[in-house]
Amino acid sequence: MTDTPATPEAMLERLKQSVQKSGFTTMLAAQPLKCWAGESEILLELRPELTQHHGFAHGGVIGALADNACAWAAASVAGDVVTSSYTLHFLGPALGERLRAKGRVIRAGKRQITVQADVLAEKGQDSKLVATALATIARVER
Amino acid sequence: MTDTPATPEAMLERLKQSVQKSGFTTMLAAQPLKCWAGESEILLELRPELTQHHGFAHGGVIGALADNACAWAAASVAGDVVTSSYTLHFLGPALGERLRAKGRVIRAGKRQITVQADVLAEKGQDSKLVATALATIARVER
Amino acid sequence: MTDTPATPEAMLERLKQSVQKSGFTTMLAAQPLKCWAGESEILLELRPELTQHHGFAHGGVIGALADNACAWAAASVAGDVVTSSYTLHFLGPALGERLRAKGRVIRAGKRQITVQADVLAEKGQDSKLVATALATIARVER
Amino acid sequence: MTDTPATPEAMLERLKQSVQKSGFTTMLAAQPLKCWAGESEILLELRPELTQHHGFAHGGVIGALADNACAWAAASVAGDVVTSSYTLHFLGPALGERLRAKGRVIRAGKRQITVQADVLAEKGQDSKLVATALATIARVER
């Protein structure tokens, strides 16, 4: 992402095109809902191949969503970025029909962006916080 | 995993059966190579659907492997476990033909196991460290 | 801390007595302001011996405050606790007259409490976020 | 630290001078033993004011040592640096006569250095691993 698009809709459109080039995000079928002004939101419908042997969403799926939510929140203020590190805390079994991840920039520095993200498991109208993450996202130098 | 199997081969066999129940690990096609005496090793052949828009292995794939390597190293000494939290540092672009993750128990406490894991990208005979993780794995209470 | 005191004031009083037994917290001269219902607040007047060679508050001081803020927020809901691990992100130089740390329980589980904390540097009326932390605090078994 | 000194002894000497400008490290009385070729070592004699209410070394002391060990290992290859973030896992009660922290650079990138550190508690000839850390240290731009 070179120049930041002028509207939230244009930014989301660009992100969706970028996601199509990412085999893994396509395989997960994660849907970007928001990527603007330091915030991101992603939705993922749960299905059998995203679970693990205890029956709830696999930690790797939750990690991938949290990582994406952090990177996209950072990208909304910094353009092309790459995840440098993240810490993920699992807060409870991720049972439900879908996962929703929300990222939020805490601080955007010259070289690094610090981002916080929550992952929620939803069933009908219920929503439960199942993981929280703290990430360092690096700007890609040109 | 209830009773710990008596040999490394029996442990690996049990792990492979457990993995078949995990939709996500099956989808990744991660192969357990070792799960014994506090150590684990996993191999993953890279393929287009495991990459991202910069062309190298997606962080979510690396995260999932690191998480699994930590959990399996812990399982080898503690039976049924669940990942509590992990910190993942990306060290360079994960380009190559396959990823290899190696986990190692640092300390097995009564309730928690602290595990370190490395993820390597391999191409032919070359091997490069691309990520390192530190995790807290919790014993599942009965 | 065995039985949880019945009021915020009684809890704070008990915490102050506990702090007097902690040589290091006494040496820092960190003042507990709040420890109740999953929240904590600590104030620390900055002075020359708490700085480092770049002139701002030493990372070790910020780390100690963040650790304490997390542990005390957890103690307010769980009694006797011990820090299991924490991740600390520095967000900017900690210049000012005093540091203020605020902890907040994200989830209190049966064995572990997940806590988030912010550290602020204050000068006159100005306040600036200088660090953020995510911690796992363990209940002490009896 | 601008130009890297030519010998381990000169580097250690420079570090000791730098430490004297750090009020907090002076207050802790942490002794640098090594800072060379990506490795660091620090010794700290334990004394009552470095403990906490459970009687062992305060987590803030262990965190400060781990932070310093990471920063100094990074400084040995990168000159002037600042800690960006670290994750610290406590592995057991830090009882003993002294603490020893050892840092080791895992990867030195253009802008960031990833470092691992262990903290040991020693009593007579006995040595016990009490904490392990993983840190991101940033090069200070000029």
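Order as written gives the chain letters A, B, C and D; numbering starts at 1 within each chain.
By definition in this document, contacts are C-beta pairs under 8 Å (C-beta built on N, C-alpha and C of every residue); 3 or more make two chains touch, one makes a residue touch a chain.
From a predicted model like this one, the values you see are computed outputs, not experimental measurements.
Participant: When the contacting C-beta pairs are counted for A-B and for A-D, which pair yields the higher total?
Facilitator: When the contacts at A-B and A-D are counted, A-B has more.
Participant: Which chain has its C-alpha centre farthest away from the C-alpha centre of chain A?
Facilitator: In terms of C-alpha centroids, the chain at the greatest distance from chain A is D.
Participant: Counting in whole Å, what is the centre-to-centre distance of chain A and chain C, each centre being its mean C-alpha position?
Facilitator: 29
Participant: Taking each chain's centre as its mean C-alpha position, how far apart are chain A and chain B in Å?
Facilitator: 22
Participant: Between chain A and chain D, what's the gap in Å when you average each chain's C-alpha atoms?
Facilitator: Each chain's C-alpha centroid was found; their separation is 34 Å.
Participant: In chain A, what residues contact two or more other chains?
Facilitator: If we look for residues of chain A contacting two or more partner chains, we find 84-85, 87, 89, 136.
Participant: How about chain D: which of its residues touch chain A in the complex?
Facilitator: 84-85, 87, 111-112, 136, 138, 141
Participant: Going by the contact rule set out above, which residues of chain C touch chain D in the complex?
Facilitator: 18-19, 21-28, 47-54, 58-61, 63-65, 67-68, 71, 82-90
Participant: Which part of chain B faces chain D closely enough to touch in the complex?
Facilitator: Residue list for chain B touching chain D: 87, 89, 91-92, 106-107, 109, 114, 116, 129, 132, 134, 136.
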